[in-house]
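As structure tokens, the structure follows; a few thoughts come after it.
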Amino acid sequence: MKSTKNYQYELDFLVRDYECDLQGIVNNANYQHYLEHARHQFLLENGIDFAQLHADGIDLIVTRAEIDYKASLVSRDRFVVKLNLEREGNLRMVFNQDIFRIPDGKLVLSARMIGVGIRNGRPVRPDSIEGLEKLLG
Amino acid sequence: MKSTKNYQYELDFLVRDYECDLQGIVNNANYQHYLEHARHQFLLENGIDFAQLHADGIDLIVTRAEIDYKASLVSRDRFVVKLNLEREGNLRMVFNQDIFRIPDGKLVLSARMIGVGIRNGRPVRPDSIEGLEKLLG
Amino acid sequence: MKSTKNYQYELDFLVRDYECDLQGIVNNANYQHYLEHARHQFLLENGIDFAQLHADGIDLIVTRAEIDYKASLVSRDRFVVKLNLEREGNLRMVFNQDIFRIPDGKLVLSARMIGVGIRNGRPVRPDSIEGLEKLLG
Amino acid sequence: MKSTKNYQYELDFLVRDYECDLQGIVNNANYQHYLEHARHQFLLENGIDFAQLHADGIDLIVTRAEIDYKASLVSRDRFVVKLNLEREGNLRMVFNQDIFRIPDGKLVLSARMIGVGIRNGRPVRPDSIEGLEKLLG
């Protein structure tokens, strides 16, 4: 089970009805919203503000997403996004993100989101972004 | 019938499945997306670029929306957003926007979207924005 | 000040970055999402399940939205949606919904959302929907 | 270059401003919307209606997404989603989907979207879904 991983962060959510599509389940694209929001909150609570970084000329960009959809969430479901962050090479950050339904802990989605920092169109080393170094364990 | 109005612009759309919610109909919020896209395309085709204006320090902002939902759109429906623009007082612009289903012409939605231009937090006269004057009939 | 109204319900939110558009502020359409989610949670906590109602053949539909946008929310803002519900005539429900920024209490948006219940394409009296009667004060 | 692939289908789009986020570029999640809409239109034009299938008790579900983000789209960009469909094993369908900016043909995104058909919670062979067999080349 994935739940035995060491996660650095977790954030609870509730499915909102507008996130469900005509199949009555959360639309695939909305999981990317959940994953993004969890990453940004994780960074924010560690002193790294995505919007402020953008204003300062640094953009954090996803370059590759690998998402396994294991089960569907429906209206009223509660769930938690858990994540950890690791370095890959000099430039890439990898967020490992899993979504579990609450309260039964069913694995809903497992993702590997790979990103880089960009300044003036060029990659910057993640460990040169203030506050990020210590998260890259 | 609304279709007898003189419209300055119209734009065709197709409902995308992800825009429908668990009721199987287009979610209310998505109509605001359709209306916004039609307004921006109307402005763009008249030489006014919403994104460029923002980059130049001028933001066009909706201050009030009055939307009558008359019928629902569903998966696969085609529709047209028709609009005209009028001045209200010195500062306000009013977009009258109607949505009709294609091909039967059924009125789906009728909206009055009121907006202003803002620079540095203060309203600017719409007719001071290049290109907008001639659209305000 | 609107905050002196008697509200029947309130729900706290946090702006998510993906809800902001290229102007760096929450996109207009997303406020409708916030308002909808607050209404559905209010109903749910009073025993009325929007998704279940749909499954049972009753759809709650917004027929008119009047939304005054007073101020903009930006990345990281917290806010609260407050609402009350009243009857209008025999068939219509009116949700009065206000959004205030947290913690300064600035009024962000004030809306009047008018809706009806529909079964088999025909309006049903709201007080015939189990649990709704007592909310209509 | 990916553009030398044999694609079975292509669909043109225009970036809508509300699809851009505070970085001024199309938000990652919206690419999934573009990919989904292209898949559904491809199926529809080949006689397979996603919404009708759902009404008939068959849901087409994405089980894995692999998405390489190569470049960003911005306000006003036009682009084309190209795709082909192949079988993987007995149960899985793979949509290979690439997005190219118009008119310069720059590769924006390359995705492998893997899906299955589900009826009553169980996978069904794609070639048992009417019309799908002939698309699976």
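So that you can tell them apart, the chains are marked A, B, C and D in the order they are listed, and the count of residues begins at 1 in each.
The rule is short, and it goes like this: a residue touches a chain if its C-beta (ideal position, glycine included) is under 8 Å from a C-beta of that chain, and two chains touch if they have at least 3 such contacts.
On a predicted model such as this, the values are computed, not experimentally measured, just so you know.
Participant: By the contact definition above, name the pair with the higher C-beta contact count: B-D or C-D.
Facilitator: B-D
Participant: Look at all chain centres (mean of CA atoms) and spot the one farthest from the centre of chain A.
Facilitator: Of all the other chains, the one whose centre lies farthest from chain A is B.
Participant: Measuring centre to centre with CA averages, how many angstrom lie between chain B and chain C?
Facilitator: About 22 Å, centre to centre.
Participant: If you average the CA atoms of chain B and of chain D, how far apart do the two points sit, in angstrom?
Facilitator: 28
Participant: Just give me the whole-number Å value for how far the CA centre of chain C lies from that of chain D.
Facilitator: 34
Participant: Show the residues in chain B shared as contacts by 2 or more other chains, in ascending order.
Facilitator: 17-18, 20, 22, 24, 27, 29, 33, 36, 51, 75
Participant: Flag every residue of chain B that touches chain D in the complex, lowest number first.
Facilitator: 16-18, 20, 24, 33, 36-37, 40, 44, 49-51, 74-76
Participant: Write out the stretch or stretches of chain C touching chain D in their complex.
Facilitator: Touch residues, chain C against chain D: 17-18, 20-22, 24, 27, 29, 75.
Participant: Taking the complex as given, what residues does chain C use to touch chain B?
Facilitator: 22-23, 27-30, 32-33, 36, 51, 54, 59, 61-69, 72
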